[in-house]
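Every chain is named by a letter (A, B, C and D) in the order it is written, and numbering of its residues begins at 1.
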Amino acid sequence: MSDQPDTDQAAESPTSEPTPLEVFAADVTERLGCLSYDVEFDTVRVFVDKDKWVDTINEARTELPFFSWLSAIDWSKDYEVGEGVADPDSLEERFEVICRLSSVTNGDGVNFVTVLPRENPTIGSLTESIGGAEWHEREAHEMFGIMFEGHNNLIPLYLPDDFIGNPLLKSFPLIAREVKPWPGEVDVEGLPETDDEEDES
Amino acid sequence: MSKRIAFPFLGLFRGMGMTIRAMVTKAPVTMYPDEKEIPVPRARGVISLDEDACTVCMLCARECPDWCIYIEGHKEEKEPAKPGGRIKTKNLLDRFDIDYSLCMYCGICVEVCPFDALFWSPEYEYSEPQISDLLHNKDKLGEWLVTVPEPPALEA
Amino acid sequence: MTSRELMHRSEVAVSVELETPNMTLNIGPQHPSTHGVLRLIATVDGERITSLEPVIGYMHRGYEKLAEVRTYAQITTLVNRIDWVSGFANEVPFILGVERLMKVEAPERAQWIRLILSELFRISSHLVFMSSYPLELGATTPLMYVLREREYILELIEGLTGGRFHPNFNRVGGIKPNYGGGSQSKKQSMDLPAGFFKSTIEAMDRMNKICDDIDILVTGNELFKARTVDIGVIPAEKALEFGLSGPNLRASGIAYDLRKIENYLPYDQLDFNVISRPGGDCFDRYMVRLEEIRESVKIVRQAIDIIPSGPLQAKVPRILKVPRGQVYSRAENPKGEFGYYIVSEGGKMPYRLKIRSTSFSNLSILSWVLKDQLIPDLVAIMGSLDFVLGDVDR
Amino acid sequence: MNFLLFLGVKVALLLAIVLTAALVTIYVELKAGSHMQTRIGPYYAGGKWGWAQPLADGAKFLQKEDLAPAKADRTVFGFAPYVVMMSSLAIFAVIPLHGSFVATRLDLGVFFILAISSLSVLGVLMAGWSSANKYSLIGGLRAAAQLIAYELPLVLAVVAVVIQAGTMSLVGIVEAQQATLFTINGIAISLPYILTGQVVGFIIFMVASIAELSRIPFDMPIAESELTMGYLTEYSGIRFSMFFLGEYASMVGLSAIAATLYLGGYGVPFLPQSMEAFAGPAVLLLKVSALVFFIIWIRWTWPRLREDQLQSMAWRWLIPISLLNIAVIGVFKVVL
């Protein structure tokens, strides 16, 4: 599977001369047998197959030893708070689990990303080899409901034990903003446009 | 095991020399409330409101991250200056409350105010025994206006 | 056989004979050494901790969720308060991340002001450590001396930004605009107030002085050394595994400093050393911070010599809409690597903001490092990790 | 009748002296400590320099509700502060302010002091156990371990003095220090024991008494940042103030003993006997104040040791050294 070409979602294969970061990303992807990579805004994302998650991370740590963080993103059309995705029509609903490893001698760092289904998301736990992942996985577990197999202490980290729900899901409402009406709702006059125009000049 | 403490205990006594020196020098203490420190001009103490300048545009209330500004107002028609002239409408402020128990003192409201109605004043003595008294209405906010300092001179 | 082994053997022998059951000791959430609301459930055998389970979340404010309902300008206010002893240092990576997404760059003078403020906050944060750490070991006096000196730093910060702890001074593409004095003046950014350079140089002299004083009062104190040397040793590989960063990692012999390896703010134009020490014990963590104050003083002194004049604000639209993209932006917080993973879907608010807070990772090693330590060492080790509960819980 | 009257007067006088001394010590601690920390300390109470702060604190303690934890053993819990207080007060019974001015003239004064001063740990242990609090228990146990470790060097240091003086009476020890050692130009020179071979003993005695007082650097039993005041955790109000007063009273008491044993007590060199009745107590007060100030000074400068370090220091250093000290003093006593 290591030489599988970049066909999946986020691969923006470099059209012109690849930047050093892209070369690095391609190299990591190649060597670790990952699915694809993506470099934007100096941030390297390498997509990993979810079954090879633990092995890939462990292997990557020989080169990028610093375990920075682990978290997830909830890609969902249904949102209660803030703003949704830019084009919900083309969105594939999923969880992305991200683990960042970086080097301690230079600026290299890679966000390893794997995609989980929104229903019953389960992934292997990194706690066996990375002790620091324990808290991060517990956080991801309570915030998104992701199960980490092999984690032997998967209890809520921040939330009280009897808390129901996964607060960082986009569909989870923010009570503070639900119970209080927005004071800006009251309207007497529209926003003054004049000032904006001056600013642009 | 712990490192055995090595003789002589020179370090211990050098520290004692330092504390005894501190004891005989004057303590740099400002005896609040008998004497007060003068806050810097940019200090974010309390927000004051120039009621006349406010056009009830709601920008501050909308930009406030904490939703702690409450504004109500109404439109009023103003008699034209000369007969036959256009009838002007003016927005009048009925209510302008800032809840200082919620305020994070970020100053976004002061920054976004396009009509210069809000100012920072470095005054800080407005603690209250009752949390509800921290809701300052527009009269109280107006009182701070006299304490607003000139902006400081800049480094050349 | 060393005396320690002998002692341990005798302890084991005694406990086998008497069959003393372990006791569960609940430390916190209100406890003088937990810096706030950390709770530790320790199983102790006499004074020795056999296992320890940290319970956090008493100060969980849900910043990652709150950020999803706030505009980028409002988030700056929020992130100030994550690690409140180094408020500005939390803003920097966030603003840099947003600037990277928007492809704007702050003017040079603004960058230098950010750098100076970052270093002032680094000094301030390390001074808080310098004051609280001896206090945890029972020496009450360094607290007062050091906090007195920190006041000079806070005054500088307040004079420049208007806030002592929460400067909220960064804006996308520049720094905070003026307030008051007419709508024209609001379009200008807050520049350095008159006399800033002079008072900064004076304050920096005071910082060197207080470092020397701390050396006499604390570092040279044999009792302090007895309490910290060889206590709570964290080897480098464990530190990396748990994601320790900043002084905690550097004390384990890894000279990992984002100011050198990450290309942000004009640190590359400055001459300073990355302090690292090989031991990995409490004393080394303390010494790294003490030396870093001196390095930061060097940086600030150089920076106020170099700082160019010029504009403070790049052109950005009034209503910030950040283009679609994902960026991980990090910077060297006084406590270590502080980063934000910003996922923007092109709106006024981020779609997701992951906060990689420093103390969270630094503290995650707690149950590993405190195993088989004594209760008094718990205080020494925990203090030496220099965490802020707001930064742990977010 | 006469006996009872004398007893009443003695007790009243003793209490007045000791409690005043304790209050003054508390004030000095507050004020000197504050200034060492570049603070001002008590300021308003009493008008000037906050001199009435200890009294105001006392009044505050009296007003507070007398709380006891639900699961506490109330009898023991209530009794513990008085045991501590009693042991600190009883020390003063034998300290001579002057040759004829001593509450109880015991021939075994030194023995009495050593016996009674270790009683306080019983109160501490009672407090620690009965509070039904794990921190209190650890604190109480630490205090007990500390006392056992430090009573030995204390006793051994005093033994050396007893050998040198040849008496166990405190008055006798002071008088022995006033004995003429040699004469220069016809002036009789007498020196306190600290200058005649007891320096090591004095240091050991001071270290051991600070440990017994559980003050920094040996305040592990109450270690605030670890045990949140240890055995004092659950105490409030009047009972806490008993512990508090007791601590400062023992501080004065142990300093007074140190002054008596090593610094010549009430004795003043070159002073005729007739003057000594007035100068004696004043001189003793001066010596005690110096020692008390030294203990306070240490407290505001140094960090705290660890319990096991303290133990190893006691057993591996202080006890062998004090034994050696006894041997050396004994040899000198025989030879000279």
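Keep this in mind: a contact is a pair of C-beta atoms (placed from the backbone, for glycine too) under 8 Å apart; a residue touches a chain by one contact, two chains touch by 3 or more.
Predicted model, so just to flag it, every value in this text is computed and none were measured.
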item: Partner chains that subunit A and subunit C have in common; value: B
item: Which of A-B and B-C has more C-beta contact pairs; value: B-C
item: Relative to subunit D, chain with the most remote C-alpha centre; value: A
item: Mean-CA-position distance for subunit C and subunit B (Å); value: 26
item: Cα-centroid distance, subunit A relative to subunit D, in whole angstrom; value: 64
item: Interchain centroid distance [CA atoms averaged], subunit A/subunit B, Å; value: 38
item: Euclidean distance of C-alpha centroids - subunit B vs subunit D, Å; value: 53
item: Numbers and ranges of subunit C residues touching at least 2 other chains; value: 3, 7, 141, 145, 148, 183, 217-218, 221, 223, 226-227
item: In subunit D, residues with contacts to at least two other chains; value: 36-39, 300-302, 306, 308-309, 312
item: Subunit B: positions in contact with at least two other chains; value: 1-2, 5, 12, 15, 18-19, 22, 28, 114
item: Pairs of chains in contact (touch as defined earlier), listed by label; value: A-B, A-C, B-C, B-D, C-D
item: Complex contact set, residues of subunit D against subunit C; value: 36-39, 134-135, 138, 216-217, 219-220, 223-228, 300-309, 312
item: Of subunit A, residues touching subunit C in the complex; value: 40-43, 45, 65-69, 71, 73-74, 81-86, 98, 100, 104-107, 109, 111, 129-132, 134-136, 143, 156-160, 167-168, 170, 172, 174, 177, 195-196, 199-200
item: Residue numbers on subunit D that touch subunit B, as the complex places them; value: 32, 34-40, 43, 297-298, 300-302, 306, 308-309, 312-313
item: Residue ranges of subunit C in contact with subunit B within the complex; value: 2-4, 7, 70-71, 73-74, 76-78, 80-81, 141, 145, 148, 155, 158-163, 166, 168, 176-183, 185-186, 190-197, 213, 216-218, 220-223, 225-227, 229-230
item: Complex contact set, residues of subunit C against subunit D; value: 3, 7, 23, 25-26, 31-33, 47, 134-141, 143-145, 148, 217-218, 221, 223-224, 226-227, 374-379
